[in-house]
Each structure stands twice: as structure tokens, then as C-alpha cells.
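Notes to accompany the following structure.
Chain naming follows the written order as A, B, C and D, and within any one chain the residues start at number 1.
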Amino acid sequence: MTEQLHDFARIGHAELLTPKPDESLRFFVDVLGLEVEAQEAQSVYLRGWGDYLRYSLKLTESADAGLGHVGLRAWSREALERRVAAIEASGRGLGWTDGDVGHGPAYRFTDPDGHVFEAYYEAERYEAPEHLRPSWRNQPQRYVGRGACVKRLDHVNVLAADVRANRVFAQELLGYRLYERVELDDGTEAGAWLSLSIAAHELIYVADAYGASGRLHHLAFWVDTREECLRAADLFVDHDVPIEAAPSKHAIAQGFFLYAFEPGGNRIEVTTGGYFVYDPDFEPIVWTQAERARGQFWGVKTIDSFHTYGTPDVGGPA
Amino acid sequence: MTEQLHDFARIGHAELLTPKPDESLRFFVDVLGLEVEAQEAQSVYLRGWGDYLRYSLKLTESADAGLGHVGLRAWSREALERRVAAIEASGRGLGWTDGDVGHGPAYRFTDPDGHVFEAYYEAERYEAPEHLRPSWRNQPQRYVGRGACVKRLDHVNVLAADVRANRVFAQELLGYRLYERVELDDGTEAGAWLSLSIAAHELIYVADAYGASGRLHHLAFWVDTREECLRAADLFVDHDVPIEAAPSKHAIAQGFFLYAFEPGGNRIEVTTGGYFVYDPDFEPIVWTQAERARGQFWGVKTIDSFHTYGTPDVGGPA
Amino acid sequence: MTEQLHDFARIGHAELLTPKPDESLRFFVDVLGLEVEAQEAQSVYLRGWGDYLRYSLKLTESADAGLGHVGLRAWSREALERRVAAIEASGRGLGWTDGDVGHGPAYRFTDPDGHVFEAYYEAERYEAPEHLRPSWRNQPQRYVGRGACVKRLDHVNVLAADVRANRVFAQELLGYRLYERVELDDGTEAGAWLSLSIAAHELIYVADAYGASGRLHHLAFWVDTREECLRAADLFVDHDVPIEAAPSKHAIAQGFFLYAFEPGGNRIEVTTGGYFVYDPDFEPIVWTQAERARGQFWGVKTIDSFHTYGTPDVGGPA
Amino acid sequence: MTEQLHDFARIGHAELLTPKPDESLRFFVDVLGLEVEAQEAQSVYLRGWGDYLRYSLKLTESADAGLGHVGLRAWSREALERRVAAIEASGRGLGWTDGDVGHGPAYRFTDPDGHVFEAYYEAERYEAPEHLRPSWRNQPQRYVGRGACVKRLDHVNVLAADVRANRVFAQELLGYRLYERVELDDGTEAGAWLSLSIAAHELIYVADAYGASGRLHHLAFWVDTREECLRAADLFVDHDVPIEAAPSKHAIAQGFFLYAFEPGGNRIEVTTGGYFVYDPDFEPIVWTQAERARGQFWGVKTIDSFHTYGTPDVGGPA
């Protein structure tokens, strides 16, 4: 067995597309509690109080909802070069860009399903302005306490026509470790939970019910406690944010969740919990179709839309 | 034994005096998360999202910090009349006022230590304006989620030169039940925890270290969970609110606490928890001096200022 | 308007019938965390660590699951006499019993639906034996920390063929206050939430889907935090306790819940939260059929069995 | 800059020495909630419900309290060989042992302060026996729910006469990343927080107030929520476990803590929270003497014994 790759550190940011930029912005700022760090062209760059980089969410006006791209930060310049060479060799490379607000040159590529990723190393660490300076220096930003006050972007869940192909790409080319996956009775892979760290998931692929490509399932934002998920649900109820799945505990990865739709139509999760993987030889958990039918950890049946809806919305019978 | 009086329902509001009205208002609105319900003359009337009356805090500009008065709402017009007659007979009555924002005629009186109370029955139930209308009708107001977002005024703790005299007055004239008290080795009563309901305390008297009179120890605001107390502490740290006692659990009454000073100098508590008293014959717990020396529930030693500081501040060695 | 009755203090205990006494006992002791306080004949008397009386649950072997009776403790001997006279006059009296383990003479009667209640005043306050003596004297018993370690019996929810008749009986004869109720479009009353205190419910009547009588919907046990409900759910999952409804927040009364079935078939709730009613003139919330169709507070659809199942199980299509 | 070492995965276990083996065992099993996985000679091997290896605590009878050794699991056989070669070259190697219950050959060495470590790769993954089999396969063991039910060993904090020398050894030879450290005004290093993962600390060195060597400050056990720390404190109070520091939040690393002494005299922490380090170029936070004097996150002053006591206890004025 080859040794584990350690070239990418983590998803640095995700770009979310919204056809309702003003309403989406109000949601992310007033209800989720993010801060506006920069604005440029049709995009607003947003951050949680615990993000070490300048932002983790780039919100961009667009005709349709969906995922713009996912930014992966490398461990070092050398690590970046190694990954770019490998991706280029795989034939999935799109080429270099000059970078964006807060980060340097980025190499763009697609996963087999067509989602756009960019790999970069140079990035600006966040320096809080006076009014957002924290009391303790081991916290990047003051705890403002507005709305759900999510701490940072946690993970990205994308839909894929062929989960297995994308999962293998993420493992072999990007260095993700596979912690859990679902395999249906017919051998199809229905979902894969991947991570670059001990956290139980940072990138997830689940089967697109419509066989479409490049779609987003959801972006998840972290809070430190389950109580904050419950509190976020109260806020959503009183701020007319449509809740798709009320707070509960996932069977897979054991994370605590709350799912809702932001005004642009994208699914958003407020999440915490889950387990850490400390086993260097961790044997991925493979869930059967029968086990998935048990529902969530405490027996909650997963709502149908969770298995079919994604952005952009392709509608029609799944 | 005479049967339990049931004439007063609960403290409806407390008036807090502040020499720094603007800073105090910013604290109560931005950090504690109260809403401004009305303003009149030198006062601002503030409410928590769970207050059923229009407000529970009247914040009034004044040369010194301290307690303006405590408003007690009676169960009915007849109950009010009964109490007024008894208080009048006790010689502590000050007479009727026409009422104030949100409530009708009130009968003013003082406790033996000189704190001003007012008794009233007629009061306006809160009707949320459109932008504060809750999603569910069994909640008086939308959950806004700003800052510590305290739910309502919970209890009032006042200092008294003679705790016993005031405690007996509260029991006999006002109908409070005594749940816990501290008796020093010399027989002095050092504190008394009183309630009109099953909640472990709604009115507290503790000995004034300076033997002064009419002073306030603190006003306490309720949150539903201990996690919200911890979160409030994070907010205080990042909003330069001086914390006097970090979140922990009281030995007496077992409430969870966080104490800090609002800009005007008054001590404020964010509280939750405690036990309910369901025993109709509840035998008050009498704590000895030795037991008090054990500190708080988990062994935290109570900070000295907690035993001496009150508003107005009379300074000098205690 | 007549003044509020204050003759009953609270439900002191409930008797639960089980066809599987050993398994039920193991559940209540090992999983819910109750202590065995006494055993007599076919009954075991159990207590939570926060119960001030010797026990709050009497578990009795029986051919069928269901409710044995509900014990109501009066505020005083005089209050008891007043209530007994009124109940007797109503024609629902069954007569006096000599009492039971832990309490004195009790007057038995039925509500209109046939559930058996007993009213008593004399009761033994719990005195912890050495191994269960708490560190702080304002706690009746040591916090043992076994299983879900529920604190005390919280409320009783019974089914009734005619909710309105029973609700009116509870208000007029027993002195319960009505805080919330459901009224269907055809004027039928589908549920009523009643309390003797500021707690949002202590006795609940909901419509029996089968029109049967004397059935139990559930007994609810209190924990101090929502986190303990979540933890109880984890315990239930790993102890093969069938969860009917995973932890979430009720729309009615806003309590946090977890529903499961004990081995004898009775529905059990682990509960916390909710609001306090401090308004002496509280106007009961009347929910319409349309509002009930919204589901629970965060939009969770109530599972069908919750509307039909009760003990004893009368089966058949509802 | 050389690239980050990734040869060690994590501390697999720690051996704790106790002069009161029976009482210590009762504490770890009944109060902390660990399971006995094996017993051999003078040692008992204990595990939390979330430990993926057979055990994380080896409790060994000994004349004095203190740390036996720390076991570090390598990422692979090759990684182990690389580290052993480097350690051997450093002159700190002690040689190979045949292994122990649950793991294969281990290479023993000391850090500069003399604490014994062992490095190994081969280890037995835990396979739960029938009565401890979990309901969901992504959890190593059933959630038993006894006592504080800690999930796993989290970190080890050791005292050292020369913090800097040990910290540099841990970084250069073992591959630890440094996240925070304290530097006194005279340039002395007073503490260093190190990790092999994104978790804010897994190995900590703090200055030994007596200049002694090889001593233990504490072992920390993980729980998933702050509420479980609070609950553990309640359990400690009622089980006569001496609490040194009641639950609160650290300034350094922002972990939530509860410190107490197990019967053998060793300090034990129940911990949760803290932040994750996702920055590949994380600049270690260096705290000044003045900043440390601010106390803990919410202003709690650190108790004196925390700065002086360790095991074995060397007593005398610090």
C-alpha cells in the first residue's frame, strides 16, 4: 500500500451561485451570522468568526443556483506542484488562473462529474479590523453573536452521476481518505464520505437521482455545539427560512444536522459533532441498502427531497 | 398554619437606574438582546422575547446606579385590594400612582430596608408588531437571536441591612414562600431565597456588607439553557463587558449563573436551571456558615466583590 | 370570575401497569435510571433523583399495559377536604382507601373518561439512605448518573373519548389551569394541556382515536437539559428501546421530547424545556386544525402511531 | 522549510501508575465510565466507548502515582522504522519490547525530561463482544452511559524542567506541530501545546514548578459536549471525587475543562471543545506573561495547585 498523500490541507472556500443575490446575502449575514469581508463584481466574500482565511464562502449572482467552484488549499508550494502535475496528467486540468480576492494563483480542474475545483497554496490569513478584533489572540475574529453565528464552512456535499468514479478521483488524485460509503444491493455506490483530516467528512459525493452532473447537494457550516443547531432551527422558524430536515443525528458519520434552503434555493446545513478518525488503517464503513433503510441515527426517516433535490434544480420525476 | 397566600403572581418589571443611559441601553439591546418597547422621559422600556407583558425592564437615567423600584403584579383586582389593605395596615404604604407605560394604577410601598415596590393588577399584554410577530402563537415575540438573547427578567436580588425583617415582610405581607436561607453562627440571617411559584427563587435578600439600605445586588435575566450562559460569557469577553463571576452552578438554589457589570455599574446575571419546589410543606433549607464556606456547587470560591458590591456603590472597606 | 383554586399541589405519582414486570423494571432502573425505593405485592415503587416524595412511579404487574391510577397531592388537609367534598358532590367519587407505601389516606375517584385518580395530603418526604445521600442538602438524593438518569416524573398524558368533558372536570373540580388546547374545524376538542403551576403542562388530555376509555397516552419524565434528551436517545438506540419519535421540539407547549416504548408497551417520554405561564389572566391558546397540520415546532411531521396508539392497546383501524 | 512529518498518527494509550489500584479502578469504571478490556499482572486495560483500539488507558499498580509511559502509534510500518531510526540517532532510544496486550513490538525511548514513550504500529482494532456491540457499525462500542461515560483518551499533559527542549524534541523527532506556547518575560518557555492532527492539542508540556523530571500533569478524557463536562462535575460532587477546577473554558486552546483527582492522586481532566487548526502554515500563538495573568477565557483565575502539583507528588514549596 502506498502511503497516505498529505498534499491538500483542506477546502479553503466554496463559491455558491444564487439567482437572488440580495436575499441570499441577507440570509447569510443576518440569519447565519457571517461577516462580509469583501465585495467584487457580482460576488460577496463572506466569513465565519472562526475562519482563519479571509473568507470561506464566495456568493455570486447567477442565473441559476448551484456550486461555482470548490477551492482546495495545498500544504505547501511543493505539494501544490505535485498535485497539479498529477491532475494535469489525469486529463482533468483546466489551467491556471491569477487567483482571486484573498488567494494567489489557482489551478482549475474538474472532478469526473464536472464540478469545478481550484487548487492553490498562497492565501491571505485573516487580520481582523479593529471592530472585529477578538479578546483572545487564538481566535481569528471577535465572536459577534448575530443570528446562528456559524463558525466556519465545514464541508461540501455534491451530487454525482457516478459516485464511485468521483470518490476514486478524490482519493487518488486529491489525497482524500474514505471513511464511509453506501453500496446498494446492485453494487452501485450511492454515497461516499471523504476527508483530508481526522474529521469524519469534508467532501461528500452522493448519487444524483436524476443522473445530472455538476450539481450541489449542500454546503455545511459548523457550530461548536448541538445546542447551537437547535437554536438555529428556532431562528429559521422565526425568519421564514424553510427547514427541510429538523435537527437530528445522522447515522452516517454521526454528525448533528439541520437542513434548510437559503433564498437562492441552495440547501444549507448547520452541523456539529461526528467522530474523529484516529486509525491510520481505518477500514471504511460500507453501509448496505438495508442499513440505510433504517433511517437516521435515532430512527428519523430521511425526507424524500433530501434524496432528489439539488442545485441547479433539474425537477421532473426522480 | 394559615394557608398559603396567592395574591401576587410575579414580579412584572424592575426599574434600573443608570448614570450612563446610552451605554447601558447599548448593552441591554446589543449584548443582552432585549427589544426597546417604549421610551418616555428619561426611561426606556425593554423586553425579552419571552416576556408576556410589554416590558420587564425600565431603564432610567439617574445620577447613581441602583434599583428604581420593583413592580409586583397581583392575581386579580380583589387580590390587589387585599394586599394593599394589608400593606397599608403595616405602615409601609406610600400611596397610589396612576400607573406607567403598560400598566394601570399601582400602589407604592417600601420593604423594611427601603426598596420601593409597586403593586398593580391592570397590565397590557404584549402584542408583537408585524416585524416581531412569532411563527407560533404560544410565544409572545419572534426569537430575534441578537446577542445573548435573554428570554425575560427572572429574579431580583436586593441587599438589606436586616435580611430577616425583610424576608418576614415578603412572606407575611406579599405571600412569598421561603425556600432557602443562610444563617451565620451568630444567628444572623445572611440571605433568603423567596418565590411566589415553583421556581426556586424570584426575590432574594442578602446582607448588605456595609449596612447600607435600599441597594441592589443584581437583576437576573433568564435563558433556557446552560449553553446560552456559556455563549453569553463568550459574547461578554468579546464585547468588553466585565465578567465578575464566570459561568458555574450555585450551591444555593442550584441555578446556573454568569455575573457581569452593565456600563452603569449595576450587576447583571444571566441565569437558568435550578430546581422546582413541588412540596406544599417544603421545609426551607437553612445553610450554616460552614456550608457556605464550601463555595459554589462545584467548589468554586465566590469572589469577594460578590459579597460586598452593590448599587449604588457605597465603597469603603466592607 | 371566581378566583383560581389552589387546592392541589401536583401529581405525586402515577401507577403504570405492565404485563412484563421484569423487563419493565430493568428498563426503568437500568436505562431510565430510576431507583427502587420499595417493593410490595406485585408493585415496585421507583423514584428519580429529584423526586421529593419517596417515589413518583408505581410499577405494577398486570395482564395489560396501561395506567393504574394518578395520585394528586393536596396543598393541605383542609384543601383535600374541600376537594373531596366537591368531587363527591359531582358523583365521581369512589371512596377512601387507607393509603399506600409513602402516603396516607387517599380518596379515589374517576374523571369522566374513567381514569382512576386518588387525592391525598399526608405523604412521606424522601430521606436518602447513606449510599444515596447527596452532597448538597437542597437535593433529595445523590445524582447517581445511571442511564438517562431522569430527575422526576413530569406529566401524565391520557386519552379520552371526550376531551372537553374531562378538561372541564380537571379545571372545575381539580383546579387545573388550561394553557393550550386544539379545536378541530368541526368544533371537537382534540387535546387540552393543563397545569397546576407555572409549568406549561402537568396533565394532558388528547382524543382517543378509537373512542375507547381510560387509556394512557404516555408518562413523561423530566431531565434538566435538551442534551440529556439527546443522550437518552443514544442510550435507547444502544439498549434496543424502540424510539417512536426522535428528540425534537413540540409546537404545543414548546417542550423538548423523546418518545419510546418501555418493554410493557407503554409510551414513555423524556422531556425538558417549555415555557412558564406567569400571566394570571393567561388566555389559553386555541390551535386550529390547520395549525396542527404544520407539524411540530421545527416542521417535523408527527408520526401516525402518536395519534392512535395508547395502552391498553385496542388495535384495529383508528 | 522542510515538509511536515506524518509518521505518527496519535497517542494510542497512556499508562497511569497508582498506589491505590482498587480505588482508582472503581473511579475509572464507575465514575468516568470506562470499560475493563483486559487485566494482566498488576495492570488493568481500560477503554472509552469511542476508542478504536482495544484500550487507551493502562492502569498499573505502583508505589507512587505518575505516568508509566505514553504509547504512540505510527501511520505505517515504514513510518515507524523512519522514526525509530531518527530517535535512535538522537541517543534517546531505549530499545525494543515485544509489545503488550493489544499491540505489537514497541520501541521505547525517553523525551529529554525522562518521560517514557513507546512507538509501535501493529495494534489490534477493538471488536466489541456481544453485550457491548453497538447498534450502528461506525461506533466501536455500545454507548453504555455509566457515570461520566467519557468517549476516549484525548491528550496527555506532562511536566518538564525544560519545556523548550522537550517541545523541540516532540516537533523534530516525533513530528508534532506546535500550536500555542507561553513565553515568560525572561524568555523561559512555560508551556507548549502540540498536536499531530487538526485538534488543538494532543501532547502538552508545562514547566515543572519544582524542576523535577518525568512527572505527569494530567491525562485528559474526551466527551462530545460541554454539557457532559457539567454533568461529570455533578457526578464528581456526589461521588466524593475532589474537584480541583470546576468546569470552565481555557484561554489557551479554548478547550472546555473539568479537573479532578483520581484516588491514586493523579490529576484527570474531562475535556471537550477547542478549535481545529486548518492552516498549513499556522503561526504558533505565543502568549506573554501578562496575557497569562488574565486567567482563563472567562476570567477565572487558575488555582495555584494547577501550577505546582503533579505526580509523583514531590511536595515542598514550589
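Side notes on the structure shown:
Assume a contact is a pair of C-beta atoms (placed from the backbone, for glycine too) under 8 Å apart; a residue touches a chain by one contact, two chains touch by 3 or more.
The shown structure was predicted, so the numbers you read here are calculated from the model rather than taken from an experiment.
The contact pattern of B-D recurs in A-C, the pair among B-C, A-C or A-D where over half of the contact pairs coincide by residue number.
Between chain B and chain C, the centres computed from C-alpha atoms are 32 Å apart. Chain A and chain C have CA centres that are 44 Å apart.
In chain C, the residues that touch at least two other chains are 136, 225-227, 234, 237, 297. The touch graph of the protein chains shown is complete. Interface of chain A with chain D (complex): residues 1, 3-4, 6, 9-10, 50, 52-53, 73-76, 78-79, 125, 136-139, 180, 197-199, 224-227, 251-254, 273, 275-276, 278-283, 285, 287, 291, 297. Taken in their complex, chain A has these residues touching chain C: 226-227, 230, 233-234, 236-237, 243, 246-249, 296-300. Within the complex, the chain D residues that touch chain C are 134-136, 142-148, 225, 227-228, 231, 234-235, 237-238, 240.
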